[in-house]
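Right after this note come the structures.
Presented sequentially are two complexes of subunit A, the first with subunit B as partner and the second with subunit C.
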Partner chain A sequence: MLYGYAGKILTINLNTGKASADHIPEDLARDYLGGRGFVARLLYDRLDPGTDPLGPENIIVVATGPLSGHLLPGSGKTHFGALSPATGGYGDSNLGGHFGPTLKYAGYDCMIIEGKADQLSTIIIDNETVKIVPDQGLKGKGAIEAEQELKERLGEDYQLLTIGPAGENKVAFACISHDFGRQAGRTGVAAVLGSKNIKAVAVRGTKKIPVFDAKRAQEKGEEMYKVCFGKPGFKTWTPFGTASITDWANEVGAFPTRNFQTSYAEFHEKINGQAIVDRLLVTDKGCFGCPTPCGKYGHTTTALGSAYVEGPEYESIATLGGSCCLEEIEEVAYANYVCDQLGIDTISAGVVVSFAMECFEKGVISAEEVGREISFGSLEDTVYLLEKIAAREGIGDVLAEGVKQAAAIFGDGSESYAIHVKGLEWSGYECRNAPGMMLSYMTADVGAHHNRSWALGYDVSQSDADVSELIEAGTGGKLEISTPDGKVDHVISMQHSRPLFDALGICRLQSMEIGFETFHYEEVFELITGRRLSWQEMLAISERIWQLTRQFNVKHIEGFGRDWDYPPRRFMEEPVPSGPNEGRYISKEILDKMLDEYYEKRGWDKNGIPKPQTLARFGLD
Partner chain B sequence: MKLTVKEERCSGCNVCRVVCALHNAGAVQPSQALLKIKGEFPDPGTYKIAYCNQCGICADSCPEDAILERDGEYNIDYELCTQCLICIDSCPFDVMVVTESEYPAKCTGCGKCVELCPRQAVLADQG
Partner chain C sequence: MINMSLKVTVNITGCLKELYPHLSEREVVESDQPLSVSGLIGELGISPRMVLFAVLNERIVPKDRQLFEDCEINLVSPPAGG
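Right after this comes the complex of A and B.
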């Protein structure tokens, strides 16, 4: 018996309309834990080279971890993966909320969706019963709107995943939406759902998850909450959530501004965590099991309209606020709301829109092509572009493929400021004085995402301080040049530790933001699963997953290698024009040295391809 | 312990429900929890907490007088309970559940939800 797990994988075949439940293979749980590990292994095994990300042969894997749904802090995370339409390689993204725990209560750790429904449909899972229901009534509806409608129809007990028009139209950065404001935003998993004609997935679960030692697991879980309650960051970080970091990111010159032209925004205090609390906040909104709810649910009013919206969280502040230069928090929140309804990832959306704004500013695209004049700082232009993208109308059809593809079409030097790696738009940290963070983005398996390694704190402080401590310490107004020394090791270690949370099915923020100690997870893991693994041993599993996703990219992306690991030229050639990091950039020579060291330490060849003996070492040959 | 709530503090985490079910039903199974959280989204964006305030209406409905009051708390005497489940529907807050062995269950006043709610949204009623 697999304690801690629900025990089953649910496979839903949309071609036949049939669902089947199979036992989780014990070696899969042993070698890959769950969540991201399940996603990576199942995608690797099931997808052949040459698969079209938007064809019926692509699959979507939804996976919880062994700790999801249990009594412990942050146990609400769910992982999603598919061959990514944004990168053509490994794609995954996760969300919090309540979906994953409920899927487990329905009896499934993992769900695989394959094939294609012949018309737009909703999957409804009620414990053992699985139905695929055609539902044209939801066509074109906003992701939040569709969730609201389905909640009313099905009842409060159901947890929902929905996509918006952008997902239906297969926008490369469409997101899966859940719980009125939580998204699996990255890598375009919702476009894959849309390509399969699935508008929504609903789940209700009333069963129990077996626990190895329920009594002691309960005691340990209770203790873990109480330890969290006692952390200083519990009180200081929670009120502002991820937006806490906005001022600090500016102070250290890492705040993407004007399509990453510069790394400091004068107006940052108008869009920071305090602005959210003062001007938007209705309630703190957390995920399942969360002691430190980072969701700031609020209400915004702008010239374009008013709306309820969760967030904006830091990433949306950075890309919609900083990169598109929306200077008031109400505007950032409204753009966030528009993205949420359309079902597009706010990170990519902000980067794509600001890219278009810069292209227009530089005369690369004309008012005629765009359909109007556009400029940084305009909410109206931002919303105009977002709607065009979701509908794939005019210029929106080009932008819907993301900045990499758009730059290839626009040309005229726009590649150097198309801010992405591997085709995935860069998230909210500018890195021209942050070599560790730069390398993190360059080598992340999914493309330019901070979820895998966040080395910025280390770049700035040369310490392992958690985020609350970094913010508390500040820089004292002094910002040294951050050197590459020691960064490669740090990045590698973070690329194992952060994604490990995704494999366990839990939130990393209690650990990363308020300093909750990892040994607690070892203890509770043993009481829940009956399996003794040290954190180090779990990190070794995370390392195996890292090797596997690299190999996945080798398998699926033609000609994959070193060239896929560079940032845009802007970061290697253009000195930052203003702010604390004025004059700085990191040359290609320095990055090449870092890549050489990184590949060497990873056991990859000079081109970044895992060597056969490396794969053998992780049982991947 | 008699409960009271401050709904404006609730973040919807459901920790109260997980610990309630674990403590009272011995399982990780929030559908067995003896209180409920309902999110009202997108508008007005708040949470409602349905909980037992020890009103005793279940006791009044019980044909066997199997729900007994002691110091303001009502508890089911499972020796007397005949599993008719009439009490379940009588609860005005819909916070009684049927256990796997088909007995009714109601809030026992154990206070676990109060102890673990990260937001102090469920509290002991001092008045």
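Right after this comes the complex of A and C.
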């Protein structure tokens, strides 16, 4: 018996309308733990090369981890994956909230959705009973609106995943929404759901999960909460959540501004964590089992309307605020709300919209093509473009494919400021003086996402100078050059430690932000599963998953290799024009040296392809 | 003669633990000189730019704040890319 797991994989075939439940193979749990590990392995095994990401043969895997749904801090995470319509390669994303634990209480660690429904439908799972119900007036509804409506229809016991119009229209960066503001935002998993004609998934579960030593696991879980509450970082983390980094990101010249033209926004104090607390905040909001609720639920009023919204998180502040230059927190929050209803990832949305703004500014696209004049800093223009993208109308149809594809169509040099890696838009850290963070983005398996490795701390801490003092002293805040020395090792190490939380099905923030020690996870893992694994042994599993997702990209992206790992030309050739990192950029030559070292340490060839002996070492041959 | 020695307890949080593995979560620093928050950060070998803010008696204090005998201070790092 697999303790800690619900024990079953639920497969829903939309072609036949049938669902089946199979036991989780023990070797899958042993070698991949769960969550991200299950997603990666099942996608790798079940998808053939040449699969169309938006065709019925693509599958969506939704997976919890062995620690999901148990009594311990941050155990509400769920992982989603599919062949990504944004990159054509490995795609995954996760969200918190309550869906994963409820799926587990329904008896399933994992759900696979395959095929295509013949009309827009909702999947309803009530323990063993699975129904596929045709659309009941949900077509075109906002993701949050649809969730509200389904909650009213089905009852509060159901946890819901919904997509908005962007998902229905297969926008490459459409997101899955849950719990009125939590999103699995990245890599376009919601477009795959939309391509399968699924508007929503509802789940209700009332079963128990077998636990190896239930009494001691409960005692350990309670102890873990007490430890969390006693951590010195506890009181300082929760009030501002991720938005507290906004000023800092500016002071270290890492804040994407005007489509990443520069890395410092003069207006950052108007869109920081304090601005959220002072001008928007209604209440804190957390996920299942969370002692440190980082969600900020607020209310915003702008010239375009008012709305309740969860967030904005730092990443949304960076891309909608910094990159699109929305200078007031109310405007950032409103654009965030529009994205949430349309079902668009705020990170990609901000990067795509700001890319269009720069293209317009440079005359690459005209007012006629756009349908109006657009400019940085305009909430109205931002919302106009977001709505066009979600509806795939006019220019929106091109932008809906993401900046890589849009630049290929617009041409005129625009690809050098289409800010992405592998087709996934860059998230909230500008890196022209941050080689470690640059490498993190370049080598992340899903494309330019920060959560696999956040090496920025190593880049920034290389110097002793206090940035705020430099700026106050009127030095122009010009920072020293951050060097690549030692960064490759840090990036590799973080690429194992951070995604490990996604395989266990828990939030990483209690560990990363308030210093919760990893030995607690070892202990509770053993009490729940009956399996003794040291953190180091778990990291080795995480490394196996990393090798597998690289090999997934080799299998699915024609000609995949080193060329897929470079950042946009802007970062390699254009010096930052202003702010603390004025004059900085990282040449291709330096990045090539870092890539050489990275590939060698990973056991990959010069082109970034895992060597046969490397695959064999991880049991992937 | 007045004894100027100072004993301060420092709590290291967030990614500072990852960046400075030689430091434990709770450090006791003794100094025979008056010490500010900045001075303390220097004593510990931490880059000042990795301290988002310092919290003394549950209040955020500027980095030039002087520390006093037996105080306990939290050094808070920037959120590390949630």
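Simple rule for what comes next: the second predicted complex is superposed on the first by the 602 of 621 C-alpha atoms of A that agree within 3 Å, B and C clash if a C-alpha of one lies under 4 Å from a C-alpha of the other, contacts with A are read in each partner's own complex, and residues count from 1 in each chain.
Just so it is clear, a contact is a pair of C-beta atoms (placed from the backbone, for glycine too) under 8 Å apart; a residue touches a chain by one contact, two chains touch by 3 or more.
The structure presented is a predicted model; accordingly, all values stated were derived computationally and were not measured.
Once chain A of one complex is fitted onto chain A of the other, the partner contacts of A:512 are limited to subunit C, with no touch recorded for subunit B. Looking at the shared chain after the overlay, A:105 reaches subunit B, while subunit C stays out of its contact range. Once chain A of one complex is fitted onto chain A of the other, the partner contacts of A:288 are limited to subunit B, with no touch recorded for subunit C. Looking at the shared chain after the overlay, A:236 reaches subunit C, while subunit B stays out of its contact range.
When the shared chain is aligned, subunit B comes close enough to touch A:211, but subunit C does not. In the overlay built on the shared chain, the residue A:384 is in contact with neither subunit B nor subunit C. Of the two partner chains placed by superposition, A:426 touches none, neither subunit B nor subunit C. In the superposed model, A:255 makes contact with neither subunit B nor subunit C.
When the two complexes are superposed on chain A, none of the residues of subunit A touches both subunit B and subunit C.
On subunit C, the positions that touch subunit A within their shared complex are 11-15, 17-19, 25, 38, 42, 46-50, 52-53, 55, 58, 63, 74, 76-82.
On the side of subunit B, the complex with subunit A involves touching residues 8, 10-15, 18-19, 22-23, 26-32, 38-39, 41-47, 115-116, 118-119.
Of all residues in subunit A, those touching subunit C in their complex are 231-233, 235-237, 241-242, 244-245, 248-249, 251-252, 294, 313-314, 429, 450-451, 454, 456-458, 460-469, 508-509, 512-515.
Contact residues of subunit A toward subunit B in the complex are 69-71, 98, 101, 105, 144, 148, 156-157, 179-181, 205-209, 211, 214, 218, 221-222, 225, 228-229, 282-293, 295, 297-299, 308.
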